[in-house]
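This is the structure I have questions about; it appears just below.
Each chain gets a letter, A, B and C, in the order it is written, and its residues are counted from 1.
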Amino acid sequence: MTLYHIMKIKKYVNHAILYSLLILFGITMVFPFLWMLSTSLKDPSQVFTASLQLIPDPIVWKNYAEAWEAIPFGRFYMNSVAVALAVTLGQVLTSSMAAYAFSRLKFPGRDSIFLGYLATMMIPGMVVTIPVFILLKSLGWLDSYKALILPGVFSAYGTFMLRQFFMTLPADLEDAAKIDGCSLWRIYWQIILPLSKPALSTLAMFTFLGNWQSFFWPLVVTSSESMKTLPIGLSYFQDIYTTEWTLLMAGSIIVLVPALLVFILNQKFITQGIALTGLKG
Amino acid sequence: MARVILQNVWKRFGDAEIVKDFSLEVPDKEFCVLVGPSGCGKSTTLRMVAGLEEVTAGDIIIGDRRVNDLPPKDRDIAMVFQNYALYPHMTVYENMAFGLKLKKFSDPEISMRVKEAAEILGIAHLLDRKPKQLSGGQRQRVAVGRAIVRKPKVFLFDEPLSNLDAKLRVQMRAELKKMHERLQSTIIYVTHDQTEAMTMGDRICIMKDGSIQQVDNPLSVYEKPDNRFVGGFIGSPPMNFMEAEVIVRGEECFLNEGMFEIAVRRRYKDNVMPYVNKKLILGIRPEDIHDKLSFTLNLKEGNVMSGMVDVVEPLGSEIFLHVNTGKNEIICRVDAHSKVQPNNIIELVVDTRKIHLFEAETGCSILQ
Amino acid sequence: MSWVHNEAFVGYCFIMPNLVGFLAFTLLPVLASLIVSFTSWDLLSPPRFVGFKNFIDIFGFSLIPEAALASWTDYLFVWQYLTPKDPGFWQYLYNTAFLMLGIPFGMICSLFIAIVMNRKLRGIMFFRTIYFLPSISSLVAVALLWRWIYNPDYGLLNALLGFIGIQGPSWLTHPLWAKISLILMGLWSGVGGTNMLLYLAALQGIPQHLYEAADIDGANALHKFMHITIPMLSPTSFFIFIMSVIGGFQGGFQSAYLMTRGGPGGATTTLEYYIYNNAFKWFSMGKASALAWFLFLVILLVTMVNWKYGGKKVHYQYI
């Protein structure tokens, strides 16, 4: 056997070990989901059989219909989409405007205001949550879209992240634009924003995801069924149908699948965004 | 009518004085180069002309208008940046058309101007590309094109060639010069590269620490530097400087370096006499120091120095020698076919017509 | 200088929308919360200023009734006769700290996965997607799934343990196992997610020539891992650790709420949960605010200590 062969065998063994690890981990990650899917398609009587029967017999599709009927999932979906979209749009717009001013324009008090933004980033959400709740309550805004959307729109983090990104754009471009006759507003709109697409879409994506999964705040401010977002709705569903596992699993699948599909389609973008903002943000 | 006048212009950032009492008149159609080491305030000066920086004090006049308070777009200028500053999200055409669009030119007019400029610069085939798809030289041309289409009164160039490789830089140098002749426009050009300044400028303005050191045409600046800084900055390899004491012996005046003496020509005698027995800074350009063996002009005893060769740098067309005189390390240029080797002892002759003398303290030339 | 003034004006215009929101929903609430923490307020009657009462109620101790304190030794060892005014707070603080034990395990697992992911194996993107799935799944669904898995009689976990002859515990109803259950679920849903990606990005940022230089120096794989990989990753590890600790102190509500409702007997109630209960279940806004401020100060302290002492061990990548 030559050295070449030994190296080759070593490589195969190496790969075999790596793949076994990957697959073992993969099963740990996926099997619970499969189990969920399987349970959601079982007849309630078969749920408690201790055997690990993965493929249900018979397959009970009507669990999904029943779950969908049980609570207004459609309404919850709509609420979640509307709230997440509104917060995302508002945040990207206001944060990018503020970030442009903080990174590129000179005005008295700029740095102290920005320092104020930075200082609040470390404050736990709980500190802010209670007074904001009281504020919204006194305005009579609880249990409304305003309560779900407004507090999420104004983000110090988004402003900070975009400011850091804008700082990396070459200043020459703005000088060139000034000489070309751009107003400051036009520089923001036609130079800065188009050049910041990666950062803007990363921020938009995280804001959207964060709001989509947000639990605490909607739990606190919503009370009527028509205002619940998807996570709250699902949790509410679990409170009502405590032990009807087939329905609960079907409901969870209804909630999970669209989100997972969106993720898988955008996963490259999302994972890159995490690496980008996690290290630089 | 597009002269540019700067009158007693100052620029301060807090306590730092970046530009100090800068006065310069650039007449119509002149190619004027601002040159100096980095941090000398040349770019700031240019940016004040452009309107990108505020003027702390003084006046800037373009044409017949005082433009201190005008935004850049109303100054009728165009600027080419060091990093080209092309908008990455626009095509070449859009880059060049952007300024015209903002000025509300008609589409046919824009298209005509862009195509015309693209023809001149030989980038007509690149109009649909994005800057990312262009080479450095092509980007440079687009940046120039963006300036040309505006048909401005004054072009401002901020180190436009420093990001190009050496070969391309030589080529673009010539092209910019050609363009200037063709467009007959006023140009203010900032660079830190003295070769660029010498080859391109009708006049050169040398700056240091925010102040003008000398303004003149390239040859005068080279041959008659006003001070030690200018002498050292212009020319490559740089002028050799050494301390020398002025000695009078009979009718004649000498400069004593310590290891050798140089006779002062009669026409400089009056300039030198006030410094008898004092130190002066003697400046000699490398090409004015010759190998004694190949120097045939009327030779005077006493203008010869000898030294040990440290380094030999053959360039093909000439050879630079680094010679240690025992007190100073000097550089001289000798014939390409010289057989000098390192560690040789060499005898060198100074062309005394070409020497420069500066006051030791102020660095001012005493020959002008 | 009209156009220069213009820049300042435009600047204020640009920050205005964000700044108004920032003031209304962040800065003023922070100050308000500090004030509220010195009041007693149930949102029904007007707030009453009570000084430090909320803080004393939380952190204070009182003498047990039967303490006689007769001799001077009794005074010296007075702590024996003290009992916390709010035993729940200390328990929840302990719970919060206990749940953070998962952080180092999570970091090690994430690093391990990242190292495998960094090998250019075929199909690696597929595995990466799979590992990432739990972290972007709705926690409400995941919690339900795990409640089902942890079910002592019919759950997947005890069924699997049964196969190898182990009688599994009643996971979510035992005070200790309930905490461990939450940690395990957290590990499962987190290891393949953000932290793994951060490690992966950091691994890809280590210049290859360092490993080549080590090869020439005769280093084996373990040497390289210990002397190149670990030190070069330390900024990332430091970052992840601080963020996890900060997150850990102010977290734990959602999974506990969904899995155990903070039980059994408060065994999985964290500080965040306790604040929630105070504020939105019992409507004692003053005490909730005081707790929130305590949390803030702890986080501030942890961050500062981390930066001061952790920062020195961190090896920053040279340029």
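Throughout what follows, a contact is a pair of C-beta atoms (placed from the backbone, for glycine too) under 8 Å apart; a residue touches a chain by one contact, two chains touch by 3 or more.
Values in this document were obtained by computation on a predicted structure and should not be read as measured data.
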Maximum inter-chain contact count - chain pair: A-C
Farthest from subunit C by Cα centre, which chain is it? Let me know. B
Cα centroid separation between subunit A and subunit C, in whole Å? 18
Mind checking the centre-to-centre distance between subunit A and subunit B? Centres are C-alpha means, answer in whole Å. 57
So how far apart, in whole Å, are subunit B and subunit C when each is placed at the average of its C-alpha atoms? 61
In subunit B, the residues touching two or more other chains are 71
How about subunit A: which of its residues touch subunit B in the complex? 170, 172-173, 175-182, 186, 191, 194-195
Show which residues of subunit A lie in contact with subunit C when the two form their complex. 15, 18-19, 21-22, 25-26, 28-30, 32-33, 35-36, 39, 47-48, 50-52, 93-95, 97-98, 100-102, 105-108, 110, 113, 116-117, 120, 122-135, 137, 150-151, 153-154, 156, 159, 184-185, 188, 209, 212-213, 215-216, 220, 230-231, 234-235, 238, 245, 248-249, 252-253, 255-256, 259-260, 263-264, 267, 270-271, 274-275, 278-279
Can you tell me which positions in subunit B touch subunit A when the two form their complex? 47, 50-52, 71-73, 77-79, 81-89, 98-99, 102-103, 146
Subunit A contact footprint on subunit C (complex, rising order): 6-12, 14-15, 17-22, 24-30, 32-33, 36, 43, 113, 116, 119, 121, 124, 127-134, 136-141, 144-146, 148-149, 153-154, 156, 159-160, 162, 188, 192, 194, 197-198, 200-202, 236, 239, 246, 249-250, 253-254, 258, 272, 275-276, 279-280, 285, 288-289, 291-293, 295-296, 299-300, 303
